[in-house]
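The first chain written gets the first letter, and so on, giving A, B, C and D; residue counts start at 1 in each chain.
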Amino acid sequence: MKLSLQRRIAAEFIGTLFLLAAVVGSGIMGERLAAGNVALALLANTIATGAALIALILAFGAISGAHLNPAVTLADALRGGFAWREVPAYILVQVAGAVGGVIVAHLMFGLPLLAVSTHNRSGPSQLFSEFVATFGLLAVIWGCARRRPSAVPYAVGSYITAAYWFTASTSFANPAVTLARCMTNTFSGIRPADVAGFIGVQIGGAIAATLLFQWLAPIAKADSTAQTAEHDR
Amino acid sequence: MKLSLQRRIAAEFIGTLFLLAAVVGSGIMGERLAAGNVALALLANTIATGAALIALILAFGAISGAHLNPAVTLADALRGGFAWREVPAYILVQVAGAVGGVIVAHLMFGLPLLAVSTHNRSGPSQLFSEFVATFGLLAVIWGCARRRPSAVPYAVGSYITAAYWFTASTSFANPAVTLARCMTNTFSGIRPADVAGFIGVQIGGAIAATLLFQWLAPIAKADSTAQTAEHDR
Amino acid sequence: MKLSLQRRIAAEFIGTLFLLAAVVGSGIMGERLAAGNVALALLANTIATGAALIALILAFGAISGAHLNPAVTLADALRGGFAWREVPAYILVQVAGAVGGVIVAHLMFGLPLLAVSTHNRSGPSQLFSEFVATFGLLAVIWGCARRRPSAVPYAVGSYITAAYWFTASTSFANPAVTLARCMTNTFSGIRPADVAGFIGVQIGGAIAATLLFQWLAPIAKADSTAQTAEHDR
Amino acid sequence: MKLSLQRRIAAEFIGTLFLLAAVVGSGIMGERLAAGNVALALLANTIATGAALIALILAFGAISGAHLNPAVTLADALRGGFAWREVPAYILVQVAGAVGGVIVAHLMFGLPLLAVSTHNRSGPSQLFSEFVATFGLLAVIWGCARRRPSAVPYAVGSYITAAYWFTASTSFANPAVTLARCMTNTFSGIRPADVAGFIGVQIGGAIAATLLFQWLAPIAKADSTAQTAEHDR
């Protein structure tokens, strides 16, 4: 039985808030403790983010689908598993939750509520990385959705753990995350000037993977609502 | 079939003992071997704690529910899934087990049985961190309890793995753990003066998350006993 | 219901491409950030590869079987679970996907499309390591195939995570991967001169494990198609 | 359907061989690459061992029960789940497999087949650590055996991952492993003089946990054969 939209967007808000708190907070902690060793800081950031995704998708998957990501919401709508009329509400609370998560992380580490990032992430390598990262994320989601939706939390957490290291951009792969991360001038930040490009290629990657999987792994109509996490059926 | 209270509190005692042995012992080992690199010491501490939680909740979940945490016991009682009359016994053995775990860790590493910590963990950032940490822990537990209780061990282990890094306090998120950790003057210790504040906000965070999820993800009466681990049904 | 060969080889292509992007990309990132500490670089490479395997086998297992490895395809055919007439197509797209993955990794990190590796991996220790690595990989696959095919993604990801460290060669264990890795002059590369030896012992190890398990854990005829991931039944 | 004893002891031999190859091999690799940082070497050793256990128990659990450990075999016999007359054969191949694994690791890393360890692991802290480590291992196994045997591979892998760090002895917790590790003069070695003490307290810990769980979590007669991995039922 599907829960009310109100409940579902509350879940998206809290889930995305915790996701950003995890990404930004662990970046701050990692950088503070790593004594200048960037590999160690990113390793901490990676393990925290991957583990947070597993926990959050397990917890919120059965409530809201645990998209926590406008690219996932759009892809799900594109494939017919999510009502277009609910897309704006989902994206709005994802962005609001993401910004809220940055604020929570800053408060936990005694920093100003928000700050403009100066972290340069520009150039074709970065943009191509984000295209690949988001293409792969949606490929993993659609690949699991057809036959083993209950594995999605582990698949997504594992995928992002890997993608933090195998893409040059450390795999944002999420427009709400990208937008919020320009508001923190810490390890995980991104300059506001680089945000639009990131979001553009992320959406491109998500659409490309979704179209490919529409052919590659057709989902029966009744099953077509699979997204980040197993659905409520 | 529910096991006798005697058996269940024995399980809570042993489980919490091993949890603290893992937290404190791996902190000692990590600090000894890390040659001053705090990120590496915390990484070892994190991996050991998260893995221990998975193993312990898998092992004790079907016996006692594997609360291992007074905040979880209180929250479960608050939600109607656990009898209030059994709460004192659970909390008592959780605290006793936690202190026992510190002693066991000290014995394994050749230290005096107990020692007063001098590790300062005060200030609003620390307190806010513990509120967030415990709110998130209960959110994850309640989120999973409704639809996939068998995933709770992985969700909780993953959540704490992340929270060690994304909160400024390294996420105690457990009053029994907090109390016991003031009795070790090693990596994972906390000054006795800071304990009461931590416990207060932990209980606050647990209650807040529980009230929120009472609305967010209603559990049918018959299912309302879900907690740290899947229940015995 | 089995999907068309066209769809299945597309899945093998994309899966192997992402596998190589993960192996090569994370090697580049690890080496760049680790400031000369090879253990840290290999740890990043390991975590990324193991996590990528879990995600990719979960995603592509139900489409193509997620072999992503000619040694697995050959072993599956040898055991009767895969049609010999489809073997060439599978191997071809695995190799093509692997090379594609190297190119994608190089593009993401701003390197020339392909480069000849100068990484010496020769000598009997290296060859014996690859025999052991691939024997173990197939042992793990066949061991899981009989009774719990749905655990294969986790078993394979875990096995390779371990084997990166317990073999002297860092466990290529995959002819397509080996061939493609001679085209990157980065952390994970291998000299072209060392490729043939690696592939030879990999196939030897795969055949040896397959013959052993044919006796050790007989699979009923109807179940004989198990391979890297649970099959479509 | 239970497989023949011949098949089951072959599985125990190969499984224990790979377990030791993983423990010893990753210790060698970790020490070689870690440039003197013992925390990093142990972290590599830990991740490889925990991951190997997950893969091996998943693969061999349904064949032989994947004891891979004389303490588990004894405990299972003590509890009535394993025939006493098969105990000697199991223990014999576990020890032989363990020694074989050390040889395989040495061959992979270009070392002499066997060597006497000079690694001092003596004193009451070490012995108490091994008692705790093995008590905990059997507690985890018996805790899972009753209700979720299919989680044993993950529980045991996670437990040992934690115990490598929270015990002062790095948690051998296995008499066959202990015996074999006195034959390698590398990171994971142990002096022959320290072996008997380790094995004695390991067996003591295993028996203590087994007796406790006989009361704590009674298993119905028909279910009493649970051990390291889910059984063949």
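The rule is simple: a contact is a pair of C-beta atoms (placed from the backbone, for glycine too) under 8 Å apart; a residue touches a chain by one contact, two chains touch by 3 or more.
Keep in mind it's a predicted model, so treat the numbers as computed, not measured.
To overlay chain A on chain C by their CA atoms, one rotates by 90 degrees, a value rounded to a multiple of 5. At the interface between chain A and chain B, two copies of one sequence, fewer than half of the residue numbers in use appear on both sides, so the contact is built from largely different positions. Of all chains, B has its CA centroid at the greatest distance from the CA centroid of chain C. Annotation: 27 Å between the Cα-based centres of chain C and chain D.
Taking the mean of the C-alpha atoms as each chain's centre, chain B and chain C sit 39 Å apart.
Residue numbers of chain A whose C-beta contacts span two or more other chains: 37, 40, 43, 47, 154.
Chain contacts here close into one cycle, and each chain has exactly two touching partners. Here the touching chains pair up as A-B, A-C, B-D, C-D.
Residue ranges of chain B in contact with chain D, taken from their complex: 3, 7, 10-11, 14, 18, 21-26, 29-30, 33-35, 37, 40-41, 43-45, 47-49, 51-52, 54-56, 58-60, 62-63, 104-105, 107-110, 150, 153-154, 157, 232. Looking at the complex, you find that chain D touches chain B at residues 37-40, 42-43, 46-47, 50, 123, 125, 128-129, 132, 136, 139-144, 146-148, 151, 154-156, 158-159, 161-169, 212, 215-217.
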